[in-house]
Amino acid sequence: MATLHTVNKAGQPLELCLRALNPGDSVLLLEEGVYALYEASDVLSDLLRHIAVYVLEADVLARGMTNRDDLDIDMVDYQGFVELTVANDKVVSWF
Amino acid sequence: MKYALAVYGASGTGQSSLTALSFARALLAAGHEIIRVFFYQDGVHNASSLVSPPQDEVNLPEQWQKLITEQGIDAVVCIAAALRRGVVNTEEAERYELPASNFREGYELSGLGQLLEATVEADRLVTFGD
Amino acid sequence: MSQSICIISTQAPYRGQFAREALDAALVSASYEIPTSLLLMGDGVYQILDGQSPGQLEKKKLSSLFQSLELYGIETVYVDGESLAERHLDPEQLLPLYTLLEGDAVASFLAQQDKVLSF
Amino acid sequence: MKYALAVYGASGTGQSSLTALSFARALLAAGHEIIRVFFYQDGVHNASSLVSPPQDEVNLPEQWQKLITEQGIDAVVCIAAALRRGVVNTEEAERYELPASNFREGYELSGLGQLLEATVEADRLVTFGD
Amino acid sequence: MATLHTVNKAGQPLELCLRALNPGDSVLLLEEGVYALYEASDVLSDLLRHIAVYVLEADVLARGMTNRDDLDIDMVDYQGFVELTVANDKVVSWF
Amino acid sequence: MSQSICIISTQAPYRGQFAREALDAALVSASYEIPTSLLLMGDGVYQILDGQSPGQLEKKKLSSLFQSLELYGIETVYVDGESLAERHLDPEQLLPLYTLLEGDAVASFLAQQDKVLSF
């Protein structure tokens, strides 16, 4: 029962998501959640040891962010978002 | 796969309505089925027929309606949430003696049960909140 | 099919209709005889703080809605222990209708659910 | 003292519209003058004539309208914010060819300049945001 | 030019307010800002050495909170809120 | 009377209309020849991150609005330095139209203003 977690802010939504993760789950940062690339990079690099993390391209580009070369985070488009919802058994949204 | 989408945001407050719309388009492009879009909380404003943004901004209710009618998607607006926020069709306007109605065609006003039914029936539920 | 639905409620009470509309969803879900659980996390734990008197805000008391959950077969409300601790909340300040999930219990609880609806 | 109030919230999203209303009542009870209430962002929904909450909940647009008309308060709704969110009077509905209007009497639709003018003229500006 | 600062959440609004305070200013916690009584009591007790802090009664009661006996925080009603706006030269809202 | 107005903008861009509507207010204020300043704090500092391409969100670029501030006589945008530091933002990532307020400078800047409008 792998779960895709979507996170749309770097504050409470990200914090709550972190304590709801099981091995094999994935996290997709979207909307203001993409700011976690700057604000929570320590948390993300820890997380990446066990969990696959993705960012939504449209939101990264809109905000003038760039993906972190030093972190193994995949950038996906809406099609990739769809594929993540198929690959996991359910979706939990944190906002 | 069969999807149910729950949309909680209006275009003015957050970004979730637009994210949901882009996701819905990508779902259909990938050959999936959307069994229901349920508009709840501030998401009910996406059914308003009176939204008129500046020309350089997207009109989200119009875009949603286009997708819903062209693709024949079952679109339900939570009736309790809509009444609280001033989004009503002609029947409800008459029932509550309101001076007008502002509901787009192609959507249905109904209860929360429609969200729970779709949730159980769908292979995947995706919630879009602000 | 008897799929289980978990409703996660993360907003403080009386902030618009968020908490109220999550409770409504839980009640409707249970009334459809769907196995339903309600999980409070983050600011959502403030919803079961005892002694709420929202009269001056002209809002309905959330506590009466919480008490009606049992009538619909929702025997307990799950609460994230870490969210309580962060807010320095003691169990005796809360309505006595919850089950604490400590540490990894939140993650394992969610893993067991078929569908999760967030508010 | 002369007060200008800026109200950004709708009744569904936060609590700021109710806080502003309670504050406005207390201002008048203390003998102060409200030179203008300016509804901006989601606050424009407080001018909707179609809001119909359950009987056990307060109808904020109705309460605002009552205060505004009984006390003769100058109440301005930002026109750009209102058009974006589907709150329009009959003139704007005609101009933009919208199927209906949903604007309460006693409010005026106008530009942001009305907020800035009131801000400068007032002794105190108080902002109510979510 | 004393300022009344209103704070309606304990997160970013309170943090930003703290760095905008001048001696002689006052702070009024309202709406969800009253949760600072629990969440940020250390911050508040520091603050109270220099700054007068108030809480709005309607919001404290609504949420089942109680004022802190150990802190010198006055509870005010909407009338008291009005008086604070008169006693200060301007009002800054943090939300 | 030439009262000064400061507009504080604390929300990230493209979150609904918050940032846009604050900028609109600054432009209108300046066009009324009111001495106007714009102060970015908290998530508001993300508004001047350079290279924003909101095309896929079908939103107008905020940067073009920031660049038009000067035409209305708003020569600079004030930015809270602590908010930049917390977000690990470097000056070279930002549109070059701001003045940094460090430490107590935010508080003293606000003390000088006659009216403050928050967004």
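Order of writing sets the chain letters: A, B, C, D, E and F. Residues in each chain are counted from 1.
Note that in this section a contact is a pair of C-beta atoms (placed from the backbone, for glycine too) under 8 Å apart; a residue touches a chain by one contact, two chains touch by 3 or more.
Just so it is clear, the structure is predicted and the values come from calculations on it, not from any experiment.
Listed by label, the chains touching chain A and chain E alike are C, F. Summarising the inter-chain layout, the chain whose CA centre lies farthest from the centre of chain B is E. Chain centres computed from CA atoms place A at the largest separation from chain D. Distance between chain centres (mean CA atoms), chain D to chain E: 25 Å. Computed centre separation for the pair chain B/chain F is 33 angstrom, with centres defined by C-alpha atoms.
Chain B and chain E have CA centres that are 39 Å apart. Residue positions of chain A with contacts to 2 or more other chains are 12, 31-32, 58, 90-91, 93, 95.
Residue positions 10-15, 22, 41, 57, 80-81, 84, 125, 127, 129-130 of chain B each touch two or more of the other chains.
Each of residues 14-17, 43, 56-57, 59, 115-116, 118 in chain C touches at least two other chains. Chain contact summary for the complex, chain D toward chain C: residues 10-15, 18, 22, 56-58, 130.
Interface residues of chain E, counted against chain D in their complex, comprise 6, 8, 30-32, 56, 58, 77-79, 81-83, 85-86, 90-91, 93, 95. Those residues of chain A lying in contact with chain C across their complex are 1, 3, 12-13, 15-16, 19-22, 90-95. Chain F meets chain A in the complex at residues 12-15, 43, 46, 49-57, 59, 86-89, 93. By the touch criterion stated above, chain D contacts chain E in their complex at residues 1, 3, 14-16, 19, 22-23, 25-27, 29-30, 32, 124-130.
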